[in-house]
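In what follows, structures are represented as structure tokens.
Two complexes are shown next, each including subunit A; its partner changes from subunit B in the first to subunit C in the second.
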Partner chain A sequence: MTTSTLSTTDRIEKQPPAWTKMLDLSDRALAVLLLAPAALLLSLIIVYPVLRLGYTSFFSLSLTSGLPAEFVGLDNYRLMIDDPVFWETTWNTVLITLITVPGALVVGMALALLANLPFRVQWPVRLSLLIPWALPLSFAGLIFAWFFHSEYGVVNDVLMRLGLPGVIWFNSPNWAMAAICLTIIWKTSSFMALIILAGLQTIPRSLYEAADVDGAGRVRQFVEITLPLLKPSIVVALIFRTITALQTFDIPYMMTGGGPGTSTSTLAMYIHQNTISFLDLGYGSALAVVMFLLSMCVTVVYLRIIRTKG
Partner chain B sequence: MKFRALTGAFLSAASLGAAVPAFADTELKVYISSQHQPQVWRKMLDQYEAKNPGIKVTIETGGNTSEAQAQYLNTVMSAKDTSLDVLILDVIRPAQFAAAGWTSPFTGKDMSGYLPAYAEANTVDGKIVALPAFADSMFLYYRKDLLEKYGIQPPKTWDELKAAVKKINGGENNPDLQGLSFQGKAIEGAVCTFLLPYWSQGKTLVQNGKLTFDRAAAAKSLALWKSFVDEGVSKKNISEVATDDTRKEFQAGNVVFAVNWSYAWAQAQGKDSAVAGKVGVARLPALTGGDASTCLGGWEWGVSAYSKHQDDAKKLVEFLSSKDVSKFVAINGSLMPTYADLYKDEDVLKSAPWFADALQVVQTAKPRPVTPRYNEVSEIVRTTVNAVLAGVMTPDDGAAQIESRLRRILR
Partner chain C sequence: MTATVTQPGALSGKPLRAIAAIILLVNGMFPALWILFTSLKTEAELTLKPISWFPHAPTLANYMQAFSDQPLHLFLFNSLMVALLSTCLTLFISVLAAYAIARLNLKYRGLILSAIIAVSTFPLVTLLVPLFEIMRALNLLNTWIALILPYTVLSLPVCTLMLVSFFEGIPRDLENAAMIDGCTRLGALFKVVVPLCAPGVFTAGILAFVNAWDEFLLALSFNSNPALRTLPVGIQLYQGEFAFPWPVISAALVVGIVPVAVLIVIFQERVVSGLTAGGIKG
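On to the complex of A and B.
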């Protein structure tokens, strides 16, 4: 870009505008100057809140106590270690991530391959792919809460028509977790599918034609051509999906409210509960710091994977 | 010159005159929950507007459960939002609102006209945090027709209730007829579910801010509710049932006994009810050998500390908690009066005859623990009740969990 504009305007290159001379900027300084607005904005809306969160996590700050904030060092973190609900919600979050991320990847991949078939009319397929993605999370949660309702739900209706016993889904931790994971997979696999579909369309058809000539079967073509060329798209989709999975809130919140007991509550729900319901901003911040670190770890791992592949 | 001065004065007077009505229109926003029949309150607000020209009152509804409401108000109030002037508060909230400084106190207000329980509930550290909107407590609703058919008296103990259900179920042979509906979902109502048999054993949960937990009594309470599920008196998915589900099930004629607040009466006797005319209301049963006990409910009107119309908002709250309004909402919404003599009022008794016996119940109803950290206490109790009813943990483990988690916040 730069070189092309310069080559067409040679005269300017010889005589830069007076003001640049006045500032006498090196390339490095210019880069800093140009990046500054974006950096400032980012630090205002990301870096400052994160630092502030870490700062608050060292204070006892509860709006219901009527007391001013007091520095307590690592007390909030110590409290967390003895807090069984913290461990339970963290485990639930990890479990949801471990189930729904691969689940959404498999389903999303299948959907993408399906949508990539040469349909005569493509828009109904693409549209039906988009709908679950476009639906707000809490809507999806509410809709599926009714699907899985033990008395009025369509899922039990279908089960009973098939001669199977109905299940009181939200009465048992395992069934409730299963219902939540199914809903999350339904909701998120279309996002996976969209990214993978975009990746699929960049693979040249000629590769498959060549493989056909060489006598490679469909499965072989998928393993040898499709998968390797899709890897970058898959990794990107996985990063986004894993991070949102670690932040799972809306769907369990609407479907079970964390129940029965606290057996399907997630870390994000526990943070929300401590800050919004209990107004315990100190402890809530400490919990949020843990979630932030968890997300960072995952991101670092994925970035490593990309870098080694790249 | 003179002429000019005069016209000038005239013109400015005219323009001022035109501006005055626009200036004086004070708009007050009242936050009310959708579960508290805003349409009934609206009629009273219309009356208030008619009597007080220049005041306009709008209603903002939100949150159909006490927790949803608390979450909303927590967000609005911690942001020091000025948009709400008057707030309806659950009887369990004044301590928290006082600690956070979110309502303006009613200094010098004489509370002696109200039922003592509400004068007390609204006074925190000598300050009057809010004024009573309506009273409430939990009752046992029952199917008068079915009890008469089988010659059963309203049960005095939970064991009698079980026996009554078994007798009726044996005779009716209707698989859709549930014996007892109560609140097993992890909502505020489940805190009362836990406390009813706990209190019945003469135990308290919190006294003077100190935890006075009795693990054996708690285990017994949880075991009682679980036994209703295990013995088929209540349905298996009782852990999904919230307060209004109980109301709907009873109203549809699918329940013999139901634990609910006073509001269910108006709808159970309403046009859409399958059980209109067949409803009885009694005091809640006791544990065998224990005392009958019930949970004190009710809601209060507070003035937001961030309201820009403090005086107008306070005047409105004085009106909303007056005897006339209390009588109107008692007749039209079966919301229990906060004044003792209204329980003998002819007009009130005509629309809800059982209010005649209800005064005694409200007067002996117990308040839930009074602490600024009530939201946490509530969450611990209600999720444990829910887990026990779903069979995730045993009543003994549940009692142990409540104790250990409560110890973390109330030492």
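On to the complex of A and C.
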């Protein structure tokens, strides 16, 4: 407040052109003006759609039937509980989350520790962590579908050179799921590594020197110095990774299309199928409400952690 | 390069560094390199057993075919325009919002920041149905706008948080001086604060661009018109019903990777600092 009163009095002396006076707003009016575009956009793309989502989930609304929307209460949800594909895709989503989030953390940690070595030239290391992050998920899905190709894929080639039998990856639900999870871990671990690496570089070297003096080994130093100090950045990265894992779509869509059958289909793929392919907006909404609630749980945990931190 | 470094895992020494470098480089570069190799092979070379690693007789024929089989130039153009326009919109909106948060003593600052974080974790997938309905009602399906608006929301929280921290680093005296010289507050924002934060604004822009370039689900759902498809959606069209022309698909993938790869190579340091400072989204 003090700054604005000061500037107003100064401006009177200087006599700026009259039209700028119109733009000389109070702090409060200015705040409203500056936040308005963001608020408008968020109401159109998030707030209104969220309300609309809950509303539509109580209606039978199929664009293919051409019938007007009809209120059906909890029918969509009842249908969902009896729908084995809903349970299967939800389970697949949870499974992918449970495998790829810790997987990306472990691989990311290893990559970060390697990248933290005192290399003379830094840029190739940095670039090798940035490229997987920048590569679109859908591209990664296609590239790895080619990697895991049963006849001409490089993965089976390497396996065979090592004397192991090749695998027909996309014919069995388990191998297909394994291929998908490996791809997701590859794609997401680099970002994890970048976050952890940034954390590693803020840990003062003197801590390790002191531990050396005390005779603590490398493993013990890692567990007692590195991990606790990295915890804050790891937690935040893990929460974001969890939320994006719950939305997994691109990679399975590109690699298996959900197959064989629906064995690698995710909840996001099922929502997309019901909404865009079947144009069953009512059922698609009910499915989306479930995913919404799943990720809200994670967000609430996140907000609580942030609040306790500061 | 002394060997006295005692970092965890840093079992110092040259051989270890060499092994580490190889692991990092193979992990990061091999998939992209492999696709590059595949794109230079002929269909005949691709079906050799055991598979060939390096292309025997590199050919650019697959690139020609990638452009002639599908309107790849249109996919590229759509992706570029959607990404650029949504980046500009994101920057404009987040500069204004970030300034309000950083400089005006807002009454509900905490609440606004919480709301931004909540939006940053918001699963846009769940809004597929209502967004589809809205875009249909506004007659925006099969337009760039149908993608630009959600993509802007996708990057808005990260960019705003990043810019807030940049703006807070600019001394208020500079703005006050500008205002004494007859600038309005808004004038001071665009003439003093934004230029001083140009590197930060630019970094936020790169993140927004990459986010928009990567997006697949909404582009797949809202823009089914072949002339309006973005790259990730268009690239699927190369697969026939039974055939999967991998060399041609690889060529199209390489074309799609190059623009972002160039950005990343040129601005790598800035991108890393942006990602690790304010923007947490992977």
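As a convention for this text, the second predicted complex is superposed on the first by the 256 of 310 C-alpha atoms of A that agree within 3 Å, B and C clash if a C-alpha of one lies under 4 Å from a C-alpha of the other, contacts with A are read in each partner's own complex, and residues count from 1 in each chain.
One rule holds in what follows: contacts are C-beta pairs under 8 Å (C-beta built on N, C-alpha and C of every residue); 3 or more make two chains touch, one makes a residue touch a chain.
Predicted, not measured: the structure shown is a model, and the values here were computed from it.
By the touch criterion defined above, A:V50 lies against subunit C but remains apart from subunit B after alignment on the C-alpha atoms of chain A. After overlaying the two complexes on the shared chain, residue contacts for A:C297 are found with neither subunit B nor subunit C. In the superposition on chain A, A:A29 contacts neither subunit B nor subunit C.
With both structures placed on the common chain, the touch criterion links A:P124 to subunit C but leaves subunit B unconnected. Shared-chain residue A:A140: touches subunit C; no touch with subunit B. In the superposition on chain A, A:I276 contacts both subunit B and subunit C.
When subunit A is checked against subunit B and against subunit C, the one touching more of its residues turns out to be C. Look at A:P173: by the touch rule set out above, it reaches subunit B but stays clear of subunit C. Within subunit A, the residues touching subunit B in one complex and subunit C in the other are 149, 151, 276. Of all residues in subunit A, only 62-66, 79, 82-85, 149-151, 168, 170-173, 257-263, 273, 276-280 touch subunit B in the complex they form. In the complex of the two chains, the subunit A residues touching subunit C come out as 1, 3-4, 6-7, 10-11, 14, 16, 20, 23-25, 27, 30-31, 34-35, 37-38, 41-42, 44-46, 48-50, 52-53, 56, 111, 113-120, 123-140, 142-144, 146-147, 149, 151-154, 157, 160-161, 186, 188, 190-192, 194-195, 197-198, 200, 205, 208-209, 212, 218, 221-222, 225-226, 236-237, 239-241, 243-244, 246-247, 249-250, 253-254, 268, 271-272, 275-276, 281, 284-285, 288-289, 291-292, 295, 298-299, 302-303, 306. The residues of subunit C lying in touch with subunit A in their complex are 1, 5-12, 16-17, 20-21, 23-25, 27-29, 31-32, 34-35, 38, 46-47, 49-51, 53, 92-94, 96-97, 99-100, 104-106, 112, 114, 117-119, 121-134, 149-150, 152-153, 156, 160, 172, 176, 179-182, 184-187, 210, 213-214, 216-217, 220-221, 231-232, 235-236, 246, 249-250, 253, 256-257, 260-261, 263-265, 268-269, 271-272, 275-276, 280-282. Listing the residues of subunit B that touch subunit A in their complex gives 67, 70-71, 74-75, 78, 96, 99-101, 185-186, 236-237, 239-240, 372-373, 375-376, 379, 383-384, 386-387, 389-393, 405, 408.
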